[in-house]
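Each of the next two complexes has chain A plus one more chain, namely chain B in the first and chain C in the second.
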Partner chain A sequence: MFLHYIDLSWRSIKRTPVISFLMVFAIAIGIGLTMTSLSVYHMMSMDPIPHKSGNIFYPQLNIMDDGNEWHSSDNLPYQLTYQDAINLYNADIPVLKSPSFRSGFSVHLNSPEVKPTMEPARLVNREFFTIFDRPFVYGAPWSRDSQDTHEYVVVISEKINDRLFAGKNSVGQHIYLDNNSYRIVGVSANWEHHVKYYDVNNGAFNVAEQLYIPFSIAPLEEIGTWGNMNGWKHENSKGYQGLLASERVWIQFWAQLNTMQEKQQFGDYLISYMDDQREKGRFNREVLEFKLRNVTEWLEYNKVVSEDNRILVGLSFMFLLVCVSNILGLLLAKFLKRAPEVGVRRALGASKRHIFAQHIVEVSVIGLAGGLLGIAIAQLGLWGVRVTNSYYGALANMDVSMLLTAPIIALTASFLAGIYPAWLVCRTQPAIYLKSQ
Partner chain B sequence: MLDIKPIFNAIRRSKIGAVLLLLQIALTMSIVSNAAFMINDHVSYLRKDTGFPEKEIFSFAVMTFGKDRSLSQQAEVDETMIRNLPGVINATLSQAVPLSGGGSTSTMRLRPSPETSKSVSVAYYNTDEHGLETFGVKLIEGRNFRPEEVIIGDDFNGNGPNTIIVSQPFVEALFPDGNALGQTVYFSNRPLQIIGIVETMKSPWPSSDRDEITALVPFIDAKNYQHIVVRADKNERANIMANIEQNMLDAYDKRVIINVDGLDKTKENYDATDVLMMRMLIVLVVILLLITALGIFGLTQFNISKRTKQIGTRRALGARKSAIVRYFLIENTMVCMAGLFIGGVAAVVLGDVMMKTYSISSLELEFIVGTAIFIFAMSIFAVIFPAMRAANISPSIATRSI
Partner chain C sequence: MLTMNNVSKIYQTNSVQTHALRDFSLTVNEGEFIAVTGPSGSGKTTFLNIAGLLEPFTSGQYTLDGVDIGGLSDNQTADLRNQKIGYIFQGFNLIPDLNLYENVEVPLRYRGIAAKERKIRIEQCLEQVGLASRAKHLPQQLSGGQQQRVAIARALAGKPRFLLADEPTGNLDSLMARQVMELLEEINKNGATIVMVTHDAELARRAPRNIQVVDGQLADFTLYQGKPTLAATRDNETVVASGV
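Now for the complex of A and B:
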């Protein structure tokens, strides 16, 4: 029966090619536009690390003396001071945690054959790789020992390994970052993320850093941040050592807290830590304040999905609604014109349900065709997005779930448009039409 | 005279067509007026003067890893080398590149802290006496820095500069009475005397709300990562940009030259998100209007085909062709007006919701009125052709089949 209905709808579509094409086109345009904005939105808002996003936390401390304001929504600084980051890392709590900040170096082999290039780098502790589940192609993260003894070691990305060592196992070799030689301990797999969720302060859609070196090297080489640095009080600090002791915030921090209990303990620790610091003259405030946000909450808090994008998604769904009402009009015209034919079929014994099903199948065929054409239009739209803004390069793509969503939205839209006309036509009284023939 | 009552009754009898049309017009109205308003917002931002001759300026970053030379001496050598290149107008070291999205801001106040006084957040460029000409901004009062006023060092508080050049909006914010020249402002508690005022000089963040209050500070703190801004003849710029990396490496090779970009390109990158939003909105509006026009066209066509006999009868009874056309025009106008009214209200509500949820200014009335007029004109246009065809229905059709 279903195949028969499909056959019938194909005949019907062929009989009115212009109207049918207009309907398919209207759905396709609506789907194309909606899917373009929805795909970008989907990529932006997708959970970047689904199996752990609820367990990785970003601590924020309110370091400011009473009477100072921060420009965040809850008056908490987005980053930590160097001293707080170091103290939190060294705290005697058995959870994985790591400070981190973004910097960069010129990379070379100290030989004239390889032209130096500039590469962004991240200074982290070894736990960073475990917290974020970074797979290694060769080697492993540096040891606790080399971290504590300030050994000059580096984890390079697959990309750099391909360029400098032709993809061979380079563990144990040395490369130069600026003027210093570093021993390669590991080659990490390329990190391809849509959202750079572990560092949204410096461009949430930037690509991953290609080098990782121990955080403990920062004070030795006086490595500055490539990211934001903010202060809240006037300090007469001088030079890098002054920065390390200052109240300026520029370090990010992540901790993996697997259970509610661990989170509670970590929170309790933060309070006691701040209380302790208050006695030493910092945190001159009535109420000690901190926040622990997991990855999902952190992205939400930092408004990673842009307003513009939310607006566009909303507008394009309204646009789809206009397309639906258009198609409704066209279907009405088309189905009612066919009333005499339906009258005959009803007289020959087709039930109302049969007529209704037949027309809904026809509508679905149109919807499905529109959905498929809509995917093509969306690809065109996403190509336009990528050309206009290379920053969105990784975002302006349709993944499998979006490819499946498109026909579903198209079918829903066509049902929405088709139900009323189909219902109207199935109520046709056969008598009227038989009479006039 | 206009037969409104019978037309209204006719509409009531075939409600669904009219309701669909009304719904479509209302939706289109509310979407288009809001989208047009946002497009206008983006366009007027993109067209704003930045104060810089963008096509003459380019910048690049230098990352030095060699430790065998003094960075500030090397910077002097580099600047002189670049200035001597044919076609170059001037060049300067700057800790921030205009319109790039990366730079520094600080609070400047009328009295040193902890005294309370009027203060303002300023985006500043640390440059030397060549900065003014390199940036190409227009000096409207005062003078440029003298070479001896430019401080080279890394101790701003201890041995920093004593002068500053500020933008006109800076003056308006801190000295509403004018007379800013010669006054002192405190930057990190260091007193700086205002010696010059430039007309327009955008910050590194032209789309933010801190886009205009800017200053030039004569302080050079050469670091291993720094920016050099160059202004050159418009026609020579591409050539100079192509060779700059080699020129710089020839002068000293223990460094990396990156991000060689024209200022127009820098701005383009910075604005890419705005341009994207604008383009998507324009595409949305254009297609939406087209679809709605087609919808109106289709529905009128459908109405007419249903009423062929009725029209023939009216013609046979003596109605003029113009009366038939008028009938459809009035019918369309009635539905359209109702749709526009509902759509207008919806547009205001939608604009209000968006203003509350997002950082968008409230929808201006003229966009609603403008959109309404446009949609109305478009609907008349979509109706007039089917209506004229309807008027040509011969009276004999009506009589034949009865």
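Now for the complex of A and C:
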């Protein structure tokens, strides 16, 4: 019977092509707009590393003396000082952890044939690659020895490898970052993240860095940050060494804590560390405070998905509702015009349920067609977002879940629009129309 | 087959009550062919609609093939309509988008009959009304008489025991009307009970039993024994109009 209803729907659509097209178009516009905003929102809010987002933690320490305030919701700085980051990394706790910060270099081969380019880089420790499951096309992260001996090694992205080495295995080759030669130890796969969750301080939707070098090289080369740096008190520190010893925060830090016990131990360590630092003259505060947030908590805390985005999604759904109400009117006109035919069907044995099902299937066919056209319109909308705002480029895409969601929303919307007209027409008293036809 | 006892139908619009049927009582036996006549607005079609379960009645009792109709749900009346009753309308009421084959198929689909069985029945019925060769035509490609024959085929396809015809020849010329009447007579001979509403006195006379409805009441000597106001005798049966 279902296939028969589909057949009847198709005939009905062909019989009233203009009104049918209007309904399909109304749903398509509504779905197009809704899916555009919903896709961006979905990409923004989706878990970037779902298999372990609950096990990767970002520590925050309240470094300020009593009486000082930070501009965060819980009075905690968003980043760590260099000295805290180093101390936490060197702590004797058997978990994966890594400090990091964003910088950038002029990348070249010290040859006039290849034009230098400016590329963003990240200074990390080797554990960073394991914590964030970074796959390698060639090679591997640098060794602990290389890191401890301040060896000038680099992991380059696939993109840079393609540009400088035509995609061939470049492990063992050297490239220049500014004026220093670095030995390539690995080529990591391009990092196509939607949200740069490991460093939201420096633009949550920025593209991933193309170079990774050991964190230990930073003090040697006095590598500056390309990110935010904040302080809470006046300091007379001068030069790079002064920065490293200062209370200014500019380092991100991640630790992989696989169990509640590991998290508890790490938290206990943070308290004892702050207590120890207090004895050395830092952390002059009565109550020592810290926070360990996992990836999803961290993104929420940083309001990566802003209220504006939520409002936009809400508005687009309201627009869809307007479309639905228009379709409802058109469906009422269309279905009630068909009441005489329904009267005949009822006389021939159709129950109200049959008539209702027939019309709901027709509405669903219209909804599905609108949904598919809506996906095309949404693609156009997302293309518009990509073209006009490169910062949101990676977000303006529809993944499979959104492609599947679009027809579901379209079907739901059309069902909402059609339920009343279908109910009304299924209550047709056959006797009224049989004589008058 | 059909028994109505004191069935009344009142249409209520705001402050106006219209009595379409008043204490209407009638028994139709299996295999009968009854012609229902009466002036316009007398309640003939209302009677036919109630008999065909197309509209509810206000009071009284109606039993169809042993089933008390009062209190049946919509699904139950739909099933009963589908399985026991066939309709032929004055205006044919064919669905314009469907070809003849598909029009005849409509009641069979609602009955849940398998496609193979449907095909056999449809072809048989179209053959019976002489339109098998035009199964793929749309209704508008046929004459009025042909359309009515399709409607008859549709009514027959479900093998109903009870056939209701509302002015089946009303839109046809006399030749077509005669052909349709002959078809109905043949169907009746094959065992179907037929109740036919008509204005055509000649056609009515061809039916073995005539009843007349006047002002929503049955003009029948069995109801009004001893006080008939109008009587006509034909084929050993007396039909009386009450003149109320």
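By definition in this document, the second predicted complex is superposed on the first by the 434 of 437 C-alpha atoms of A that agree within 3 Å, B and C clash if a C-alpha of one lies under 4 Å from a C-alpha of the other, contacts with A are read in each partner's own complex, and residues count from 1 in each chain.
The definition used in the following text is that contacts are C-beta pairs under 8 Å (C-beta built on N, C-alpha and C of every residue); 3 or more make two chains touch, one makes a residue touch a chain.
It should be emphasised that the depicted structure is a prediction, and the values quoted were computed from it without experimental measurement.
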## Note on the structure
So, after the overlay on chain A, do chain B and chain C clash or fit? They fit
### Message
Under the stated touch criterion, which partner chain does A:271 make contact with: chain B (first), chain C (second), both, or neither?
### Response
neither
### Message
I'd like to know which partner A:376 touches here: chain B for first, chain C for second, both or neither.
### Response
neither
### Message
For A:404, using the defined touch cut-off, is the partner it touches chain B, chain C, both, or neither? Pick first, second, both or neither.
### Response
neither
### Task
Could you figure out whether chain B or chain C reaches more residues of chain A?
B
### Query
Touching A:236 in the superposition: chain B (first), chain C (second), both, neither?
first
### Message
Contacts for A:26 in the overlay, against chain B (first) and chain C (second): which applies, first, second, both or neither?
### Response
first
### Query
A:349 contacts which: chain B (first), chain C (second), both, neither?
second
### Query
Roughly how many degrees, to the nearest 10, is the angle at chain A when you join its Cα centre to the Cα centres of chain B and chain C?
90
### Query
Measuring by CA atoms in the overlay, how small does the chain B-chain C distance get, in Å?
12
### Query
Mind pulling up the chain C residues that touch chain A in the complex?
45, 49, 52, 54-55, 74-75, 78-79, 81-83, 87, 89-91, 93, 95, 97, 106-107, 109-112, 154, 158, 166
### Message
Under the stated contact criterion, what part of chain B meets chain A in this complex?
### Response
16-17, 20-21, 23-24, 27-28, 30-31, 34-35, 38, 61, 63, 65-67, 113-114, 154-155, 157-158, 188-189, 223-225, 255-256, 258, 269, 272-273, 275-277, 279-281, 283-284, 287-288, 291-292, 294-295, 298-299, 301-302, 305, 354, 357-360
### Summary
So, in the complex, the side of chain A touching chain B is made of residues 22, 26, 29, 33, 36-37, 104-106, 108, 116-118, 176, 178-179, 224, 234, 236, 238-239, 306-308, 310-312, 315-316, 318-319, 321-323, 325-326, 328-330, 332-333, 337, 381, 384-385, 388-392, 420
### Message
Quick check on the complex: what are the chain A residues that touch chain C?
### Response
1, 4, 11-12, 15, 340-341, 343-354, 429-431, 434-437
